[in-house]
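Next up, some structures in structure tokens.
In the two complexes below, chain A is the common chain; its partner is chain B in one and chain C in the other.
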Partner chain A sequence: MRARLLAIIRAIAFIALALILCGIIFEASGFSAPDMFSAILDGAFLSDGALIHDLRWACPLFVSATGVVVAFRCGYFNVGTQGQFYLGGVGATVAVALLPGLPAVIVTLVAILAGIGFGALWAFWPGWLRIRSGTDEVITTLMGNFIAGLLLVWVTSGPLKDPSGSGQVTSSPPVPLAIRLSTDTGVSVWILALTVLVGVVTWVLVNRTAFGVLGGLAGRNPVMVTWQGARLSRLGLGAFLFSGATAGLAGAMEVLGPDGRLVSGFSPAHGFTAVLIALVANLSVSGSVIVALFFGGLASASLYLPVIAGLPSAAIDMVNAAIALFITSRAMPGWLRLPRRNRS
Partner chain B sequence: MMDLIVAVLRTGTPMIYVAMAGVLAQRAGVWNLGLEGLMITGACASAVIAEQTGSVALGLLGAVGFCVLLSALLWLVIEKLKANPIIAGLGLTGLGLGGTDFGIQAVYGSEGAVTAPAGIPTLGPAFGPFGVLDALVLAMPVMVFGVWFACRRTRFGLRLTASGEHPFAARSVGADPARMRLIALLLGGVLAGLGGAELSLGGLDIFSVGMTAGRGFMAFSAVIFGAGHPVGATFAALFFALVEFLGIKAQLVFGEHAPRDFVLMLPYIATVLGIWISARLRGGALLSAIEMRDG
Partner chain C sequence: MSAALACDGLTIRFGAFTALSAVSLSFAPRQIHAVCGQNGAGKTTFARACAGLLAPSAGTIQIGGNPLRGGHVKDARAAGVELVHQSFALPPSFTIAEAMEFGLTGKRGAVFTRRGLQARWRGHLEALGVDAKPSTRIRDLPVETQQAVEIARALAGDARVLILDEPTAVLAPAAAEALFERLKRLRDSGVTVLIILHKIREVLAVADTVSVLRGGKLVAGPDDAASLTAARIATAIIGHSPAPAGDSAETAEDIGALVGTDLPHGHRHTLTGPRSVAALTGVTTRPGADGQSLQNITLTVGAGEILGIAGVEGNGQRPLVEALAGLVPLTEGSVTLDGATVTDLPLAERRKRGLRIIPFERNTEGLSLSSPLWENFAARSLLAKSALSLIDPAALRRAAHKAFQSWDVRFTSVDNPARSLSGGNAQKVILSREMDAEAKLIILAQPTRGLDLGATAFVWQAMRETRDRGLGLILISSDLDELFDISDRLIVLQGGRIAGQFAPPYDLGRVGSAMVGEH
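Coming up: the complex of A and B.
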């Protein structure tokens, strides 16, 4: 209990440090830091309907974050969530486009599975390269993000282009409402049920299965796990596939849920934020729930800022990045230091 | 052929400067994934300052100043707060990408691009096709030689490499690894600032939000591909630039048959191939390497 409390205090302390850094940058660029933070707070949690928006962004973020938790616990820095998320969206849209006329329930189900499959596929090749030849997964997954982004541009302006669409941002034709998981609000029984399901499955996987326990050990001491006879390569590949699958599911949820279509360059900060949620939650599934609600709020604030408050939305990107900069810090004053055994 | 050499040099030079920053950090034992953030900060600061003051020299100085400041911040977080270098580096990159976007909007409203009145001085039309090469491109071989000399032929370089490869050995001869890392990161800040400035002021003299598009990460990959050797990293960066050039050429030649988005993917794919080859040749980390990277 003490360890958990300390972990929370620690996370809050580093978020505060990150906010101070951002405040200094806001002031230096001629904005008033208190105004900026109060606008962010309004957009995230206090204005009308903010909590619904919060939930709309938090659900897919949490789903992706669970995958990051699994991969990072195994010791693999899969930072390709963004690309896997995009591929998931593409997969779901392809399924919807290929299956006209079938019953809506089946199409939805196939689209979700396609999203999961495409996402897992996009995590498979960096995982394979990592496990077979030790190719650094941080670079391959980052490059995968750029490639997936371009693939998304090509898909939405080529094969899956909405013929009636116009304007700068290309997209696929809208998904019929019967197939969708939610309306544009992004909060529905289905979305919430899927999110809860992923949370429960991941929690059980991490805390109650051999895969989760061995994976957690492998992340801290791979040599020991090998000596104990576990197949490290299988664990690692499993972790990659799982994180890709969850990110893909999140992408499918966006397309079938609030977005209602595949939009070129949608949710550009999703992957980074999902990684951040997992890290702030200290790689705990249950912790990720609360942290996801916090960052879901920030994500909705990044839409609120430019539209309502007339402030640059990049402020949110900066807040997120500053939190990432500090959150993994291990140096703490003595009384805040975590006992090492209970760290994760 | 001439235009190939000129184009590859112009595209490759910003990456080479940033890659040299990566080489110094790598040798000191820091996986500097903040390079992308440093590069865009350099590109933004140089263009904005050149536009505001009209002086390219002040722009370069400002770019270097900002990048050194950010590098110092990264050092503080990694060494003093004991953060994970990978995540802290990615955080710094995010701070650079978000901060430049924010800064541009703060100064210019929501235009998203700045045009500088002038760029870095070039050779001029007297030199034919080579006339478009600017001072930083010409200084690049000297800079690479300098980094090579410092790393491979001086006491400083030995201590730097020791700090990365075997901090205990470095400590035993009186070199403080933490201090060596600070020096490496600060010098890297200077080089990354120049690389970023070359990106924005070395051709079109425009800065636009997100213009690095992963070139900082590519520069980091060039370090891995080049095995942390300055000359190796230089050729790796030139290779990535060559792939980019060939893609653009292919599009000009084949037109519709070479879709634009796939052509744009080529440098990223080349980067993946590059570090895969380097892992095959030199053996990568087959076990989880997080503990080692923390070192």
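Coming up: the complex of A and C.
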């Protein structure tokens, strides 16, 4: 209980420090810090419809963050969320394109599963390399993000291109309305239900299964669980696949939900923010709910700032970056300061 | 003549916990002073306070007659007090010369050449009789040389008081002897040595005076070591707390083994039946990263038997455990467990058949120090289940709580990390996990290394009880007293081969020559 309280205090302290740093930079670059923060607050939580917008961004972010929580707890630093998220979007779009004329419910279901599968696949190969030959997963998953980004450009300007599309950003044809999970506002019962489902499943996995406890032990001391007879390769591959699957699901939710199509380079900060959420939440599933709502608010504010308040949306990037700076600094949660090259 | 180091009413509190309570004593210069006591007696706290690492809550420390500002390690250094920690503090990637120059002094900024550094420290190392090149990296040194370098580093300045915190815990017996010789030479050259020890035999071998701490209080000393007997020191250390459970004859023998006196060894155990719980047949392994391997090892462990494995460290003990655990591939041979061949089965399957392991490294292989105690305890039972099976954390916490209580683990909450426990209690956590009702073969690798008297006796008693329940036990130890006292049969490993098999009463000379390869 005390440890949990400490984690909450620490998270709040990190965010406070980041905001102070941003305030100084705002002032130094000629903006009024109080104005900027009140505009951010409006855009994130207080203005009309801000909460809906918050949820629209928070739901997919939370879904991806749960996967990061699981992988990081097990000691695997899968930072390829962005790539797995993109592949999930591609998977859902491919399913929609390949299944014309089937009942909408079935297409939606298959598209979701395809997103999950594609995302898991994009986490499988770094996981496999890690487990078979010890290849550093930070490098491989990070590189995977770039490959996935280019893959997305290719499919949206090639095989899945919207023939009627014009303009600078390429995309797939719109997903038929009947298949969509949500429309205008970006939030629907279905999106919320999926998000809650993922949250519950992950919470149970982490806190109420043998996998969760053993994964936590393995993340902190892989040698000890090896002497207990655990097969690290299975445990690790499971963690990779789960985190890829959740990121893939988030990608599918974007395509079938708010975006309504596969857009080249969509949600470019999604993976980064999901990792940040998991870290700020100290790798707790329930904590990630609150933190995801916070970052969802920031995401919605980054659209509000330039459009309504006439302020640069880069302010939000700065806040995100500053939080990342503090959370990954020396004061990082004890979890992540482990010597992580001690396993064979 | 003023005391080299004296304290008056020294008290150290951590929150509500009093680690040291009004300790007053004074150490004469140019002597070796042993401070002993059980785990948790306050020995390490005392050492750290004397080295200026901890500020006294009350009382004073004087060095050579001058008061020491508590909590200021630089002041202590300037006054000539140096501490060699229980776990080594030199950066592993540094060469010896670099470590001597920069390792702990924190000197920086000066331009230096590698050759200049090495030349500067070569003479210092030679003068202290440290047999290592200054260009060798710390991590490539054997543990006893690392320790010698730590001591040399401590003496690099003008140290007049050298404090060593349990220096023998990491050493093989022969290396401990060498350390004692080194310390005696230092004493003769004018250094006052304060040594924290828990083995009475070692105390008697090295110390000029003996002081005993118990429960944070000074209960004896400093007394002239020549006037003391092992039994008197043991009594002071253990105090009037109840003796470990078990019949008194065994307890008497335990104390004999603890103090290293030669009590007659009666072979009291007659349960050994024909049934074997485990066997290795012609087992050969490739050399591991540490160069150790097994060469054509054939041995059996009977139900109700403690098989002792003796040998100089690094002669195949680790591959032997790994071969039994299935953690190293065999190039030849087979392993059976409880009558079934398990050569190709992974550790998880072997554990299901009753294999239990108390591994060599308590803090890395035995426990996850940053994980809660209950998770450490539950790991074994959880691995017997499928990964996605649901668990009840509350029930697992209760089970851990119950097991710890029945194993007499001193803990405050099962939610605390394993690192909150002292060495002896940490080992009891591992015992409570590995000595369960379904166990059939228990491998204990150095189970009492670094443990104090009480905890050591506890481990031995637990081994005897499980043996008498009909389990097979393999005890790997570098403490011959321990092996002689408790083993029903003894095998000596040398160069990965079985160099000899012995039955009680053991002949130290014959076992010793098998260990060094003289047949």
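Basically, the second predicted complex is superposed on the first by the 327 of 344 C-alpha atoms of A that agree within 3 Å, B and C clash if a C-alpha of one lies under 4 Å from a C-alpha of the other, contacts with A are read in each partner's own complex, and residues count from 1 in each chain.
We take it that a contact is a pair of C-beta atoms (placed from the backbone, for glycine too) under 8 Å apart; a residue touches a chain by one contact, two chains touch by 3 or more.
Because the structure is a prediction, the values reported are computed rather than measured.
Novice: Consider chain A as the common anchor and indicate whether chain B and chain C clash or fit when overlaid.
Specialist: clash
Novice: In the three-chain superposition, say which chain, chain B or chain C, touches more residues of chain A.
Specialist: B
Novice: Between chain B and chain C, whom does A:Ser29 touch in the aligned arrangement: first, second, both, or neither?
Specialist: The answer is first: A:Ser29 touches chain B but not chain C.
Novice: Per the contact definition in the header, classify A:Val223: touching chain B only (first), chain C only (second), both, or neither.
Specialist: So A:Val223 meets both chain B and chain C here.
Novice: State whether A:Leu232 touches chain B only (first), chain C only (second), both chains, or neither.
Specialist: A:Leu232: touches chain B, not chain C.
Novice: Tell me which partner A:Asp136 touches in the superposition: chain B (first), chain C (second), both or neither.
Specialist: first
Novice: Name the contact category of A:Leu151: first (chain B only), second (chain C only), both, or neither.
Specialist: Once the two structures are laid over each other on A, A:Leu151 reaches chain B alone.
Novice: Given 25-33, 61-69, 97-105 or 367-375, which one is the stretch of chain C whose C-alpha atoms run into chain B?
Specialist: 97-105
Novice: Can you give me the overlap between the chain B contact set and the chain C contact set on chain A?
Specialist: In chain A, positions 223, 226 sit in both the chain B and chain C interfaces.
Novice: Flag every residue of chain B that touches chain A in the complex, lowest number first.
Specialist: 31, 33, 73-74, 77, 80-84, 86-88, 90-95, 97-99, 101-103, 105-107, 110, 213-214, 217, 220-221, 224, 259, 261-262, 264-265, 268-269, 271-272, 275-276, 279-280, 283-290
Novice: Mind listing the chain A positions that touch chain C in their complex?
Specialist: My answer: residues 3, 204-205, 207-211, 213-214, 216-217, 220-221, 223-231, 234-235, 238, 334, 338.
Novice: Would you pull the chain A residues touching chain B in the complex into a rising list?
Specialist: Residue positions touching the partner: 25, 29-31, 74-77, 79, 129-131, 133-136, 138-140, 142-144, 146-147, 150-151, 153-154, 157-158, 218-219, 222-223, 226, 232, 236, 272, 275, 279, 306, 312, 314-318, 320-331.
Novice: What residues of chain C sit close enough to touch chain A in their complex?
Specialist: Those in contact with chain A are residues 325, 327, 346-351, 357, 359, 361, 364-371, 375-376, 378-380, 382-383, 385-393, 396, 415.
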